[in-house]
Amino acid sequence: MDIATLIGIVGGFGLIAATIVMGGNAAGFIDPPSIVVVFGGTFASCFIMFPMGVVLKAFKIALKGFFAKSEDPKIMIDQIVALAETARKESLVALEKVAIDDEYLKKGVILVADGTDGDLVRSIMEFEIDAMKKRHFQGQAVMKGMGAMAPAFGMIGTLIGLVQMLSNLSDPDAIGPAMAVALLTTLYGSILANVIFLPLAKKLEERSIEEASYMEIMVEGVVAIQKGEHPSIVKEKLQAFLSPGLRDATA
Amino acid sequence: MDIATLIGIVGGFGLIAATIVMGGNAAGFIDPPSIVVVFGGTFASCFIMFPMGVVLKAFKIALKGFFAKSEDPKIMIDQIVALAETARKESLVALEKVAIDDEYLKKGVILVADGTDGDLVRSIMEFEIDAMKKRHFQGQAVMKGMGAMAPAFGMIGTLIGLVQMLSNLSDPDAIGPAMAVALLTTLYGSILANVIFLPLAKKLEERSIEEASYMEIMVEGVVAIQKGEHPSIVKEKLQAFLSPGLRDATA
Amino acid sequence: MDIATLIGIVGGFGLIAATIVMGGNAAGFIDPPSIVVVFGGTFASCFIMFPMGVVLKAFKIALKGFFAKSEDPKIMIDQIVALAETARKESLVALEKVAIDDEYLKKGVILVADGTDGDLVRSIMEFEIDAMKKRHFQGQAVMKGMGAMAPAFGMIGTLIGLVQMLSNLSDPDAIGPAMAVALLTTLYGSILANVIFLPLAKKLEERSIEEASYMEIMVEGVVAIQKGEHPSIVKEKLQAFLSPGLRDATA
Amino acid sequence: MDIATLIGIVGGFGLIAATIVMGGNAAGFIDPPSIVVVFGGTFASCFIMFPMGVVLKAFKIALKGFFAKSEDPKIMIDQIVALAETARKESLVALEKVAIDDEYLKKGVILVADGTDGDLVRSIMEFEIDAMKKRHFQGQAVMKGMGAMAPAFGMIGTLIGLVQMLSNLSDPDAIGPAMAVALLTTLYGSILANVIFLPLAKKLEERSIEEASYMEIMVEGVVAIQKGEHPSIVKEKLQAFLSPGLRDATA
Amino acid sequence: MDIATLIGIVGGFGLIAATIVMGGNAAGFIDPPSIVVVFGGTFASCFIMFPMGVVLKAFKIALKGFFAKSEDPKIMIDQIVALAETARKESLVALEKVAIDDEYLKKGVILVADGTDGDLVRSIMEFEIDAMKKRHFQGQAVMKGMGAMAPAFGMIGTLIGLVQMLSNLSDPDAIGPAMAVALLTTLYGSILANVIFLPLAKKLEERSIEEASYMEIMVEGVVAIQKGEHPSIVKEKLQAFLSPGLRDATA
């Protein structure tokens, strides 16, 4: 699991909780109807904004993208170089028998072992990258939409609370607590947007860039294998995807 | 009807209504003059922003796009493959007698049956996609415009109410209720924008993308039929439009 | 005159006026110094933002674009088809004697009658379209600039009023009315921006698109006439600019 | 000097001053520490945002662009046509002796007189246009940055004032004036941004477009002279840069 | 060290501190829990937004970009011209023995001395420019993200404080100080965003442009040396990167 995400979520909520508890009246910060109107309203708007299927898929994508651990491109490059050696020493057909964990790489290698043309292999593999980006982009759109709606429903809840409080000022002692409750929805909306939805949308964007780069390594590697390029050339090519500090000395 | 839209609208308004009713003074939330100034002002601005015809058309498009059920691209692909088989076994002319429900597909098939050139068929069909996108884009522009104007008129209403209340502070008991009424327009504007107009604008955008993709399937299918391609090739081509999980095994 | 603009302006101001009058103290909403600081300040900023000539021209363009009635492209197409028939039956030179109301079309037709080359006719006519778009774009920029400045000066006026009120709290009865007056500039700025400047900027954008499309019909028509194309082909070509529902059956 | 800028600045500050004086307590609006924190803070942020040299240059450019009078393109065209006539009647070399006020035009003409190739003349001259645009763009960036920072420091100042006031509510008579002073920084920030920095950024943008167009006239003119084109052709070409109403009748 | 950055930071914080101290109650502005929730929350959100590695790298890049002194392009040009002279008088191989401080230039020169092809040298060197831009862009994204999150957590802190204060209004004397403390988080968030994160993001952008231009000088210079161009031509070429006032007279 991505350790930064864990630190962020635990840290963000922990700090807010600590601030509340230190104030000495933590129970006053939990108001079930306020929770329902902000959470519920945000999800309701989301369903108006996006078709059913998109919303459900977005959450699955978000959770996966949120907690997935980054893959190490160096390990992938080594694996591809090993495949290139096998292909050189034995044959392209021999690749079919190599055990490969990564589903995407496996698909590409089988295409090559089947004797598929290099350009076709590339276009089939790149189609998957585009599809992945599109899925992530939709997930991001849903998260951003909810990040915009949560504070809006927070404000709607606060306005409702203020109108109720102002309509009935007969008991001065009730004014303060009523206004406190009214402000809670704004607080909930603000927390939801800034600790969950907006950072999540951003992380999906970062993940999408990272994953596309990881998949491109595989595309270039598989195409190079299909062309029968020398393993050391394959390695040098793929290392261009790494930042300079991570590269091995040129073979 | 799109079930997500229904859930969203009923859910959004239901939650807001429930919050109000639970506060015990629901009647205080209905103020006809406030309703008139927010709704009316939003529509008035909309008529200044857009030519008459655009506004009226936008609402028709929005309603259609809002409630329309997504078509299933798999069924469309099967239908096109069946047409490709007919064209192969009999002739292109034979397509004229096949019953086709979808108006757009029918138009393309008749063009092909009439012996129209493939490039011309494509350009005529793509012109319709552009026109559809333009219509949806204008609908979106109107919805976004109203989503920006509703809170503005809400604020104008509240300012008017505050000025009236502040000019006449002689009766302290009237201050609270007067301010409650003043806040109502802000509440109305906020609900209109965040539960109706802005999510609607977003859904039109999503629908436009979905519908364009659906129409492109038909364009590619019809052009492939015109070229006399084998039904199994047509199928494989069109399946590229589906996300991997939805595809049939390659024939 | 564009009926939508009329409905919008009368409706928008009417609703605001009605809301104020119903509150029973309409006179309190008119404060000449507040009006002067908001209107004046908005115009002053506008003069800092744009060169003198641009501001004056922008208002002329805005008024024209605001109230101009849309031309009917169908009538224009019929007129061009008639010209194509004259050119076919008689000669290009004969076009010089035909009475043409539209200045832009007339200019193009005279160029053709004078034997100007088709590409040159097109480039001269398209230069005018670009110049029109540029004029409208500058008009829009001025309107948007004022739409941003009006609320800013409204807020400046309110801040001045609040500072004055707070500096002198000795008479409690004067606090309310002083704050009411302070809020008036915010109200004025908000109305100016949302009922006048921002919708006007949007309409200029819409008009610019509409007018460019109308002028492109004339460009394509005049060029087709210059090439001596058959009137029925000219008609079919130009109908591509209309939305499907408005087209005549193909000749 | 650009008369619109003068009207705008005098008008904007004049109206604000008049509003303050009419309120009867003008001295209360001048608070030196508030002025220092808003002005100083805005400049400090600006120095963090941009390298030293960029900030200093930006102010020089802004002042120049702010007060510079627009040049008349018609006079420039006449001058270039006169040069074309000299070149035709005498020779390109003769251009060296003609007195030319505009430094940029002079540089181009000397290049031509020296027998420089037309394409090289164009690329050298266009390099200057790009450099001018880049300078203006940086000036704009600095102005926009300050326009964003001034209200931010205004708000920081107000928050500091409010915290101070709220920490010490023992003297009720001091609350009003303390809050008035707190609001002053917000007022200053708002005036700085909306009367100075943001309109100035906009005017630099407009000036940049205007100046580039003026310089392009010179580029096209000098290149045409280098090619030995007929003065009447040169005139017609350059008039395409003028809006139709300003053009001379074609020679 | 960049003197402007120093002036900005010392000036910005100095002015704020002076304003606070002059108000006479400086201790009231330091509230450790408020500091923790704003700083901590901002960093927590940042960890949710970006993968771990990106955040850590961003701070290193930001610090470097923040304090790095701009290099003088004139000195670099002179150095490259000297190298071009060596290459001319002796040979490309002789370049290997020249002492070069700049790592990037050294790498390029060694490639040339090794007899690498000009296009390959260019593509290897430009790859580094892209990598530098990407690093700076990520640094900017992190700074912008924190600049957006700091005020959000400031507002969350203030809302928590207000709810606590309003829930317990029994002691009127505690209201003012409680509200003062509540406002502190908003103040902290505003200072963090406007004095640190947002200006820093802007400066990284400026630095990135500056550094790319500096590196492009080296690329063009090294490639010119590889082609064996005359030192005076190399100089003239590279001077095109300088603003006109900084150029030497043409050789």
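Every chain is named by a letter (A, B, C, D and E) in the order it is written, and numbering of its residues begins at 1.
Please note the rule applied: a contact is a pair of C-beta atoms (placed from the backbone, for glycine too) under 8 Å apart; a residue touches a chain by one contact, two chains touch by 3 or more.
Note that this is a predicted model, so its numbers are computed, not measured.
Any chain touching chain D that also touches chain E would appear here, but none does. Averaging C-alpha coordinates per chain places the centre of chain B 44 Å away from that of chain E.
Touching of two or more other chains is recorded for no residue of chain D. The touch graph of these protein chains is a ring, one cycle where each chain has exactly two neighbours.
Remark: ring traversal beginning at chain B, heading first to chain C, gives the chain order B, C, D, E, A.
By the touch criterion stated above, chain D contacts chain C in their complex at residues 2-5, 7-9, 11-12, 15-16, 18-20, 22-25, 28-29, 70, 173, 175-177, 179-180, 183-184, 186-187, 190-191, 193-195, 198-200, 202-203, 206-207, 210, 240, 243-244.
Residues 33, 36-37, 40-41, 43-55, 127-128, 131, 135, 145, 148-149, 152-153, 155-157, 159-169 of chain C are the ones that touch chain D when the two sit in their complex.
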